[in-house]
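For reference, the structures are reproduced in the following blocks.
Here chain A shows up in two complexes: once beside chain B, once beside chain C.
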Partner chain A sequence: MSANVGIVIVSHSPKVAEGAADMVRQMVGAEVPVAWTGGNPDGGLGTSVPAIIEAIDKAWSDSGVAILVDLGGAETNSEMAVEMLDQDRQGKVVVCNAPIVEGAVIAAAEAASGASLADVKKTAEELSPQ
Partner chain B sequence: MTEATNSTLLTHSAGLHARPTLKLTILAKTFAAKIELAVKPEGPWIDAKSVVKVMAMKAPKGSTLHFRASGDKAEEAVAAIVALVDRDFDEAAEGEKAAHG
Partner chain C sequence: MTLTSDQVKRLIETVAKTVIAEADRLTTLDQAIGDGDHGLNMKRGFEAVLADLDGLARKPLPDAVKAVGTHLVMKVGGASGPLYGTLFLTLGKELPAEAGLAELANALGTAFEAVKARGKSDVGQKTMLDVLGPVCDALVGASADPQLGDRIKKVATEAAEATVPMKAVRGRASFLGDRSIGHMDPGACSAALMIATIVDCLESAKT
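Coming up: the complex of A and B.
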């Protein structure tokens, strides 16, 4: 079977991240690997690089992983997490410039059809104002 | 190169909202053929494989959905999608609690 692109959701709030992941699972299905992370290690709002790397591992697919983020630090920490991956995996992980919830669902819908990582990212980014 | 067209009435209570749209586009993407839909027989025709574009149509309950496809297995594609709409997107068993999905 072909491996579908995986989706990682990175929010400052664990509730937002988990809720968005629930929407992906219920609206798109289980054929797309999904992982989420949110909150800092102290239980507050925030994001953490090691937790993002863990989520990337969890949603890993050889076809690649698309990350959906909310604000500021979620994006910079996600980019940092990507930079810390092995060289050969770095090229297979992208951060999408798209709204976190809608982007996650639509990226997953695209991924469910076996689309490439580039197409998954492009479809999610169609949601952002041009 | 084969071409196919068909139309059916959209009876889903929420119209072509998020979940029905996702099911329709995911099914459309399983076919290689170019598949489009419209709420009027003269168009405008929307790419049935684009979640964003299909959701933007905001087709309400009671719309007649027109489908056309061209390419490999065009007839099969249109038949499968019309069948999905006619089955009310398989949502009967999923209950009313998420009716606005």
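Coming up: the complex of A and C.
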């Protein structure tokens, strides 16, 4: 298991999520655990709570996991997924308020430097207008 | 009142079938100001509820309501999943096994607050909260007279209508800004629909 913070990408579109994950992977290689999910439980545009939980599991790091989301439902479903994790994991997962592609790349670059979860989140969120 | 297992089953089945039957209308509303998936998403969620109907009917009402919430969370796929999921999960958690009107009002009030927190929203923002809020208010301290059901349905319908002139500031509809004005909020519509259906079921369970 990586000591670096993991990154999860949650988009309404599986193509967007996978594409963003590809960009992250090119940037940071295997130093950072990365997982992505996109699409509703039927495979259409949307997001899925069980699939988000699975992605968090896949990208799990004891240093924590930062989630990047695109639109409304992705955020609400991600927050719901975090609350459904085991108690001891809940405090180690954050949803970042950042653009999904740029946020994921910059968060992963920060994570690759061994930064804490709070710093990864802060760096990604610097991309959002205050 | 206490519902028999058959009545719990009929209640859940009727709500689920009503939402599924109205899915196209909800989707049309959502196409006007959202991303056009509200009806489809709710349909997917309530189809999962229907598939588990016999299992749900074996549970006491509070547990059945909670389980409905879990199905919606896991299956809806849009923001309405966690929002309605939180509503039903909280309602089920707060309802005592034998709920009177006061207990129902109390539980719904807590569930309303939980949905507010989940959506980081409040009344007046063109959401389902604009129906749930007035319905909670109407239930608090209400007397259980024969007209109560009709009053609640009227409050819910009028509250949904009242979202038409509102401007959305939460969710996808907020991207439209002023252009969201003039359409009923799909979440307010589905909330009013469910409330009216629940009222009708509870009334027929009494007789």
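Assume the second predicted complex is superposed on the first by the 128 of 130 C-alpha atoms of A that agree within 3 Å, B and C clash if a C-alpha of one lies under 4 Å from a C-alpha of the other, contacts with A are read in each partner's own complex, and residues count from 1 in each chain.
The rule is short, and it goes like this: a contact is a pair of C-beta atoms (placed from the backbone, for glycine too) under 8 Å apart; a residue touches a chain by one contact, two chains touch by 3 or more.
This structure is a prediction, so every number in the text was calculated from the model and none was measured.
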item	value
When chain B and chain C are modelled together on chain A, clash or fit	fit
Vertex chain A, arms to chain B and chain C (CA centres, degrees, nearest 10)	150
Chain B versus chain C as contact partner of A:V28, first or second or both or neither	first
Which of chain B and chain C A:E110 touches, first, second, both or neither	first
First, second, both or neither for A:P41, with chain B first and chain C second	second
Touched partner set for A:S63, first chain B, second chain C, both or neither	neither
First (chain B), second (chain C), both or neither touched by A:E79	second
Residue contacts on chain A - larger count, chain B or chain C	C
First, second, both or neither for A:T123, with chain B first and chain C second	first
After superposition on chain A, the shortest CA separation from chain B to chain C (Å)	26
Chain C-contacting residues of chain A that also contact chain B	none
Chain B residues within the chain A interface of the complex	18-19, 22, 25-26, 29-30, 49-52, 101
Residues of chain A touching chain B in the complex	27-28, 105-106, 109-110, 112-113, 115, 123, 126-127
Chain C-touching residues of chain A, taken from the complex the two chains share	39-42, 44-50, 71-73, 75-77, 79-80, 84
Contact footprint of chain A on chain C as seen in their complex	35, 37, 40-41, 44, 73-83, 85-86, 118-119, 170-172
